[in-house]
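Pasting the structures in now, so scroll down.
After this come two complexes, each holding chain A, first together with chain B and then together with chain C.
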Partner chain A sequence: MSAIDLVGVRKQFGETQVVRGVDLAVPSGAFLSLLGPSGCGKTTLLRMLAGLETPSEGEIRIDGAVVNAVPPGARDIAMVFQSYALYPQMTVAQNIAYPLRKRGVPKGERAGRVAAVAEMLQLGPLLERKPRQLSGGQQQRVALGRALVREPRIFLLDEPLSNLDATLRSHMRAELIELHRRIGRTMVYVTHDQLEAMTMSTHIAVIDGGVVQQFGTPQQVYRRPVNRMVAGFIGTPAMAFVEGRVGEGGALTLAGTRVATVDAAPGATPVIGIRAEDVRLAEIGVPARVGLVEPIGHETLVRLHCDAGIVTARLPGDTAVQPGEQVHFTADAGRLHLFDPIGGERLTDPYQGNERDHG
Partner chain B sequence: MSAAAAIPRAGISDRLLGPLLIAPVVVVLGAVIAYPLFAALALSLFAVDTLTLDAQWVGLGNFGELLGSDGRFWTALVVTLVWTAATLALQLVLGIAMALLLNRDIWMRSLARSLVLFPYFISTVVAVLVWRWLFNDFFGLINLALIGGGVIDAPVDWLGSMPNAFVSLVVVGAWKFFPFVVIAVLARLQSIPESLYEAARLDGAGVWARFRDVTLPQIGEVLGIVVLLRAIWDFKEFDLIFLLTGGGPIDATRTLPLIVYQEAFGLNRMGMAAAYAVSMMIVMLGFFAAYRAAVRGRA
Partner chain C sequence: MSAGVRKLGWSLLAWALVLLVATPLLWMLSTSFKPENEVFAVPVTLLPEEWTVEYYVLLLTETSFPRYFANSAIVATLTTLVVIALGTLGAYSLVRFRYRGREAIASAVLLSYLLPSVVLIVPLYLMMVKLGLANSLASLVIAYTSFALPYALWLLRSFMAAVPEDLESAAMIDGATRMGAFLDVTLPQALPGIISTALFTFILAWNEYLLALVLVNADEVRPLTTGVMTMLVSGFNIEWSLLMAASVMMSVPLIVILAFLQSYLVRGFGAGAMKG
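Moving on, here comes the complex of A and B:
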């Protein structure tokens, strides 16, 4: 059974439609990321799950029961806020114990549970401190502790890592993955960072313009993006989009060079999406001029300017190319993504025979 | 040679420039704060006739008389403290309640926010004249409304009898000065992050728990300053009391500032008035010390 079901959920503030009809079934125990650019409606969606906003239309079910009218405190969910929202006048121990106190848990049991959570999150030495005496990462852990101590059915996390520096962020990412593995509860995680979504989630819902663009595992979303928006949003460096042209016999050409054979009418001009890691330099291929070269050490990102547009290539770190140099590149036909030039949706199975499944 | 040194300074050295720049402030503060303070301290040691300014050294004699037999000082001190505590408490309750209301998304909020400041900005003389008419036993709206509503049978003497006069005074004082509490608290309320309230809701806190555990701790600091300032101002409040009851009936609402006025300009005893003023200052120093101790205890 799914832990959370969203059925035709809509939300509008005045005239503005923020969420425009979301259907989503979150499997029990999943780590779901709601991923999308800012203003896409992902936070509103999370706040509706929390009960902090009421849907204008549609149903929210938790474990099968409709919770639209259930107040936040009675939903058996905990939320970690982007700003942590720790009570500044309370100590760490009091902060963590607060939800238990409000639920009338006896004092003795409270102390035991706070101690257990503090142990799990290594907060023991900090229990008597006030939030302002803690670093960002420590505050983050206290906020997690306050959520954990209730042992709720569902955890909601609203961009909890965005206020941390890069090192701490990757450290906390690992801790969260480990935590999810250990407690096995359903977690819903809002982020605009596709790297966080890819590394942490069991499921991703890519959201844009108030609708779910794609729902699937990180691999599915990465390998088979359903449209240009998803394709461009997931992956660093971003997928390159160039104009293709279909000739006689389904020959797909990129800047005049044949790159694949597709099942499409001659004269069609699909958008070709190419991921940087699928691009290779070759003796024969699409002619291009080398633009920006970014050596990262173990690899080098090279921007290749061809007649159809700019393609980024992820090449081995020892690749010796100079800006301005003329090269040729090629990409595996099976790894090209084709999108409708107008609507941007993925053209399903356009290949003749050479379609490969890398999922 | 540095560029700074090239700026012409009419031959004023650095050592002189600093003191010269702060001199105007020192002169003004000296004239309006330090001089009156020391003048009052000095005056309190003399018997001075207000009209002739004939002064006679009496040492601590004024204070001896003040603390001594007739008990006027102690009665007035109690009246002043009760007035301060009562009106301040009412100001806080009204002010916090109004600030909470104005912080919500209510209808005509910006208009309401401007209107609520009205009592604070209106001149005390005007406000008291209006209130005296409202309280009037024959023509007053308050008596009219209460009789019309069947609450009372006969007009009540609001200002001429006790404890009515004291209650009226406290109410008018609260009405006049609660907007100060509203301004200070509202400003702080607007800076409380919404996520704290949301976290509290998710943690299962109801309306009262959210006020006690989120709002109150957040406005605590500003309330401390408000209480200190208002306590000092209410303690030395003169015009409102002087105009509304004049200290009456008899001396039931006569606070220390009214005695200072009476001594100085009614009885022409400027030295005695100064002694009362100095005593008030010592009490207020006590307020301030208590506030400092409270602040230090919290940090």
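Moving on, here comes the complex of A and C:
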């Protein structure tokens, strides 16, 4: 059964359409990441789930029951706000205890639960401080603590780790995964960071322009992005897009070199998407000139300029290429992504002979 | 060195200003303790040569001053309570809820504040007569409320707008009702603004003269401002010491309140609970 169902949900503020028809069924116990560029409506979507905004159209169901008219306090959810929204006049301890106090948890039990959360988030020494006496990262942890102190049906987390340093961030990431595994509650997690989304989630929804572009497991979204927007958004370095050309017999060429066979009419010019890790240097292949070379330790990112555009390659760290050098590169046909040059939708997968690789 | 001189200069200027403002008040205080023959004595005495509380006793026992004082206290307190109650909720609605004509209402409020009070006196008086409220403390409370409320709304609106909406949203998710969120989160944040507004309203009601003159003319319901004037003009000769004693007594409540609330006023906002 799904924990959350969104059916044709729309939201507009005055004339501005912010969410333009979202359908989503989030399985119970899922860790769903909402991923998308700034301003695409992630926070708005979360606020509608929380009951802070009413959808202009459509239906929101939690555990099968329509909650459009249910006030936030009665939805049994917890939320971490992008802005933290800590109560300024309360201490850290009072902030974390507030949801318990409002729900009538006895005082003795409150103290114990606050202490447990403070332990997990390393907030112990800060409990008596006011929010304004905390750094950004500390405030963020308090906000997280206020959400984690209860065990609601659903957690809504709006970029809860954005302001933490790298160490604390990976620590918190691990804590969240562990927490999710332990209590098995549904979590909706908003992030800009696609790496975070890939590593933490069971499901990803890529959002752009107020609609869900793709919903699936991290692997599905990574392996088979449904359009150019998703393909470009997921993965670092970003997928390279170059112009391909279909010749006689479905021969797909890239800068004049045949790279795959496709099921398309001659003369078509699909956009070929290539991920950096799928590119290899080879004796025979697409001729290219080496541009920027970025050694990042165990591997080296190399920009390859070919006639059809620029492709980034992720090569082993010991690769010795110099900028300006002429090389040839190739990629498995099964790893190429083809997109419509106008609409950007994914086209049929290329294949070599009978072999098809969907990853 | 030059910094020290500059600082000294500023201090001197500040003290000169303070003196300028304070002298009449100190003079008033001093005069109120002088016996009658000393008030106009030449050479002028800075402090009373002979201290007397005779006029304070007289004021409190022989005149209607206590009555006026009570009236003023009732009117100013009620006005403040009504204005703060209506102003807080009204300002909250103007800031938080989206409805048709919200901006129009906000502008209308400002506009009505800009209207000179003189033009409203006669209509107000006629209305009070129609309502059967003429010559009552209630008429003063209503009139003062109508004058203070627009300003209060405008002031409180900006204070409420400064309270981030996410705070309330968070409280509602945490299980508070909208009213609970308002009380737990918004009100404490807007408290400095509410206190300033309350102070402004109280002072306005306490010092108001013109409306009181028109709306009430019975001794039982006269506030201090018009009351003391009546005392003054009804005698053959003006008892300056008595008047000064009355003035001192009139100022005391305001001074006490100001001293009490000053720490709130300067404390300002609790900043920095939100990102950015």
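Quick note on the criterion: the second predicted complex is superposed on the first by the 328 of 359 C-alpha atoms of A that agree within 3 Å, B and C clash if a C-alpha of one lies under 4 Å from a C-alpha of the other, contacts with A are read in each partner's own complex, and residues count from 1 in each chain.
Heads up, the rule we're going with is that a residue touches a chain if its C-beta (ideal position, glycine included) is under 8 Å from a C-beta of that chain, and two chains touch if they have at least 3 such contacts.
None of the values given here were measured: they were computed from a predicted structure.
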item: Combined model on chain A where chain B meets chain C, clash or fit; value: clash
item: First, second, both or neither for A:118, with chain B first and chain C second; value: neither
item: Partner chain(s) touched by A:205 [first = chain B, second = chain C, both, neither]; value: neither
item: Most chain A residues touched (candidates chain B, chain C); value: C
item: Touching partner for A:139 - first (chain B), second (chain C), both, neither; value: second
item: Which of chain B and chain C A:163 touches, first, second, both or neither; value: second
item: Residues on chain A lying within both footprints (that of chain B and that of chain C); value: 50-52, 71-73, 77-79, 81-83, 85, 87-89, 98-99, 102-103, 146
item: Contacting residues of chain C [partner chain A, same complex]; value: 164, 166-167, 169-177, 180, 184-185, 188-189, 270-276
item: Chain B partner contacts - residues on chain A that touch it in the complex; value: 50-52, 71-74, 77-79, 81-83, 85, 87-90, 98-99, 102-103, 146
item: Chain C partner contacts - residues on chain A that touch it in the complex; value: 47, 50-52, 71-73, 75, 77-79, 81-89, 98-99, 102-103, 130-132, 136, 139, 146, 163
item: Complex contact set, residues of chain B against chain A; value: 193, 195-196, 198-205, 209, 213-214, 217-218, 220
